[in-house]
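Report on one structure; see the data block that follows.
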Amino acid sequence: MASIQEMAARCCNWGRWGENDVLGTLNFIDEAKRVDAAALVRTGEVFSLAQAFDSEGPQNGWRRRTNPVHTMTDTGTDAEYGSQGFPHGFGGADDVISMPLQCSTQWDGLGHIFDRGRAWNGRRAGEVVTSAGDSVTGIETAASRIVGRGVLLDLGRALADGLGLERAELPDGFAITPENLEAAIERQGASAEVGRGDILVVRTGQYTRARREGWGHYAGGPAPGLSFACAPWLHEREVAAVATDTWGFEVRPNEFNGAFQPLHQVAIPNMGLFVGEMWNPDSWAEHSADDGRWDAMLCAQPLPITGAVGSPLNPLAIK
Amino acid sequence: MASIQEMAARCCNWGRWGENDVLGTLNFIDEAKRVDAAALVRTGEVFSLAQAFDSEGPQNGWRRRTNPVHTMTDTGTDAEYGSQGFPHGFGGADDVISMPLQCSTQWDGLGHIFDRGRAWNGRRAGEVVTSAGDSVTGIETAASRIVGRGVLLDLGRALADGLGLERAELPDGFAITPENLEAAIERQGASAEVGRGDILVVRTGQYTRARREGWGHYAGGPAPGLSFACAPWLHEREVAAVATDTWGFEVRPNEFNGAFQPLHQVAIPNMGLFVGEMWNPDSWAEHSADDGRWDAMLCAQPLPITGAVGSPLNPLAIK
Amino acid sequence: MASIQEMAARCCNWGRWGENDVLGTLNFIDEAKRVDAAALVRTGEVFSLAQAFDSEGPQNGWRRRTNPVHTMTDTGTDAEYGSQGFPHGFGGADDVISMPLQCSTQWDGLGHIFDRGRAWNGRRAGEVVTSAGDSVTGIETAASRIVGRGVLLDLGRALADGLGLERAELPDGFAITPENLEAAIERQGASAEVGRGDILVVRTGQYTRARREGWGHYAGGPAPGLSFACAPWLHEREVAAVATDTWGFEVRPNEFNGAFQPLHQVAIPNMGLFVGEMWNPDSWAEHSADDGRWDAMLCAQPLPITGAVGSPLNPLAIK
Amino acid sequence: MASIQEMAARCCNWGRWGENDVLGTLNFIDEAKRVDAAALVRTGEVFSLAQAFDSEGPQNGWRRRTNPVHTMTDTGTDAEYGSQGFPHGFGGADDVISMPLQCSTQWDGLGHIFDRGRAWNGRRAGEVVTSAGDSVTGIETAASRIVGRGVLLDLGRALADGLGLERAELPDGFAITPENLEAAIERQGASAEVGRGDILVVRTGQYTRARREGWGHYAGGPAPGLSFACAPWLHEREVAAVATDTWGFEVRPNEFNGAFQPLHQVAIPNMGLFVGEMWNPDSWAEHSADDGRWDAMLCAQPLPITGAVGSPLNPLAIK
């Protein structure tokens, strides 16, 4: 608890962008940054960093987080059967979805986590998020913001040799330190430098393993992830956002006994950091391992669901 | 009926990209096109073309299309109350959504409309879309495809003077002809040229009016929109996709007595055209009217919901 | 406000059944009452008092109350098409529903309404209902309770002559007074006597009108209903529950300027009264008007949804 | 397959109640039957036969059958916080549910299962159930029907001694034969006689075990249940409905290699039998084992969801 408070104080951005700010570290992405990001598009290849949204996902119902339920209200079988009632051979299919906003590839909005009753920028949690939603930092406020330079740090690949791993996949419970991040940057080269306004995507390899071996406890169980000690590194680098290929972005089990997601508690309400979870960096990583270029234009806009504290999305890396 | 069949035959792309094709006109977007599109990013300004996703939308329940229902499973009021059961001052908010995939800004996938029992590329409707979803052309197949050059044709602005309109908003029931499209291009200038692989966004102004005056019959009622006669124009120009600021893309009431969305019936199953509806081009249009530049890099990726026949999205125009 | 406080104090049942009570006025139904109720079954006719649960209902989205969305996950058209994958000619249909618990015929649970931050029996509202649901008086606590004698008071029929009404339907805005209730009992006769443990069903006729003329503002608009002045009458009679054929049980517009459902505020948290809304008493009323017998065995069990503050149900009157 | 066809032919009720019939074996419950049932109410005790409806249920997502997701749209914590915007101290809580209709205690409607493309009474499956729902035998057609005499056969208790079971719970995979049913009736005595129009509730004890040991594979895995050979017994007895405490009513694994629910295929489309699943007979069974009386008035009305092929319910046994 004391560690968390100290770290929160050290990395706190409250007031940095004015008392009415709702964007936190997204403020680090300016227009010049986006022009630079677009200049990274050289071959026109696009990589979707989204996992699937379907009933085969990893969710297990924890805190009512289920997998998406997608159902049809009209179908092709109905159309062929002739039961739809449309004229001149017209037929249609339509569908509906019911899902937690955090069920698959997602952004945590700034109203997603609180620290001792306080939300981003020092606001009272209850003033921000009621059962009517987040009336202050709802994800719709970021609708046109999250386009910029993305940098992929492939920790699975970068650390595999040093750790004697058979595959480019960190083991569950592995805490990625700032030194590990630096080592990955050094190994990957200049295109992997991380600085102000960048969107950092960290590949641990856990998703790769889960796809091969089955989800197991992917949703909430042991996982590689960022160490609590990464908070100052992220803070000092002034990254705009961080995303991983894991359920919870930080290492699990958490590093303190009895703790629950302490890095979230520092990063979201105190730093105002956008956190992405359950991303799928694998095709991008394969390509980058081949061509040695680890940055790309990243288009990672959320769906502007009014008052949402998170959003599903399909992030694209464009090279 | 005869007109529809004739037009379908005239604009049919079945087999053009092989019998296994699932992308239709998205095939017109190649990698070179994306590199060119990225070169349109000059100032780094971003415009979200999404309408809001919330319970205040225009849906009225027709064919079970309702507005989104977004509910919280954890809140800030609970966190402040101390009832969440987390340690060390950690608090959280989480949420769930239930919505038709066509409730707000969306793409129609290729499995959305059938013509006489046939889906895109000549497949039987029932083989493509059952109540388990679209097993062939599900929207996830387009996850990494829809990034390219967007062109905004602001028909409301372009035709306002000629029609003696007080505002840059076409009246309900106005059928936009190919000649109107050409006139808009001519008026807007070189940046508005529309060609192979472009994503065409048509602003009618109906959305602007609906936001000012109330939704009224926005969902399914009379609206300006493309004339049935636009099918060959879109076909010959080889556009990759078309989107409008209206519920249904084509003019309503439809141009034939007793017809229902005949342009859909030609465009989606026969041309394989991606159609966007309920987009919000207004901020982009304002900016373009000012600077005279009507094209932009457009990132309009769908959410990869497995087997979906459409997808909500947040399209971004980047200048 | 003062009137509400005074009435709340006058009708308060806090502590009457112990500090741990979760049933409120349902305590008035004892086993002897149920045996007597069963003795009312003489001909075996059953009347469903439920309105339909479907997308054609009256809800308009107020506070996210929509009509039910019922979708199929398997269909007969799929089964005939042969796409389900089952052996030996087996086929199936399955379905899913998404709905507010108060969308159609329902019970208000005791956690549904609070008075100045207090729930039934004096508990703090926040201790009872969080975003995880009602952990104290959840509707599942009443799962085996609501079987007893039902009495139908048909105010529409009883007052029609005196008010010069063309049909047996009270006009919107009509406030039913205790005197009106007494008059109906007198007119209907001995079988309409209302006493301890009875479940009172009041027919205003608004539902009949809505079915004939369209829903209009049935959900939340002007309606006939119980006057605020009925609180002591219900309290003194020791009824177990009250249900009406209207959206909101009490007269609307409410009788005080700027008030919102003041009778609810007295009845639910203070009296611990179970309130039923959007019931359909019409077939029962027709039958009772014919045979002159206005009581019946009433089986009105809720669905035991853990932690729910209300429940959809299908109440049956058995004669 | 041949066995199924033969059995289907042997037990077929098509046309028995006319070609327009939608009620099947519910026709066996007549008004006299209900009067007799009401006469079984002697002490007024009520037993809810429903399992809980919540996120802790046994569903695992098979064919998109998930556990219910119940969320709040207003809460007591919000009310105490003062964020609801109501006048004079009024506060409220409201809720929403999303669930498969077969997620917990339920009736299978007559449109739930097909045999070689045919639904109840010989109708084509596709004419009955499209993605718009069951337009013929929707569960709402049974809204006022399912009240009658219930008989509990406690096979777990009846067979425990003979099988040398430690507890009154049949092992998974145990196929209950007609002889077992007869033995239970004999052991339980005259109140357990099963005849025309009765609603038969069979307790296997699997639910008891699941509550003690965890759900395990309760949803779809091995389970005790009725043998395929029970079809003629049920047919000849002319029962109105059968319900069990298991996921799937019949024994699992099914008795034929590669078969899937063959008893369903005979019972629902051919006999027109109403089948209840996932009921909780335990408190009723305990009481009946004590007082030796195994019949009761049973009120098992479905929720009238228009076009549904099944319904959640809270069945009550009243003694």
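Note that the chains take the letters A, B, C and D in the order they are written out, and that residue 1 is the start of every chain.
By definition in this document, a contact is a pair of C-beta atoms (placed from the backbone, for glycine too) under 8 Å apart; a residue touches a chain by one contact, two chains touch by 3 or more.
Quick caveat, the model's predicted, so the values are computed rather than measured.
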- Query: Is the contact between copies chain B and chain D built from the same residues on both sides or from different ones, judged by whether over half of the numbers are shared?
  - Reply: same
- Winner on C-beta contact pairs when A-C is weighed against A-D: A-D
- Item | Centre distance in Å when chain A and chain B are each reduced to the mean of their C-alpha atoms | 26
- Query: If you average the CA atoms of chain A and of chain D, how many Å lie between those two points?
  - Reply: 44
- Which residues belonging to chain A are in contact with no fewer than two other chains? 64, 69-75, 77-78, 80-81, 83, 96, 98, 126-127, 130-132
- Message: Chain contact topology under the given definition, line, ring, star, complete or other?
- Response: complete
- Touching chain A in the complex, chain D uses residues 55, 61, 64, 66-67, 69-75, 77-78, 81, 83, 98, 126-127, 130-132
- Message: If we count contacts the way the header does, which residues on chain D are in touch with chain C in the complex?
- Response: 1, 4, 30-35, 37-39, 41-48, 50, 52-54, 56, 63-65, 68, 70-77, 79-81, 86-102, 111-117, 119, 124-134, 140, 143-145, 147, 258-262, 264-265, 297, 299, 301-310, 312-314, 316, 318
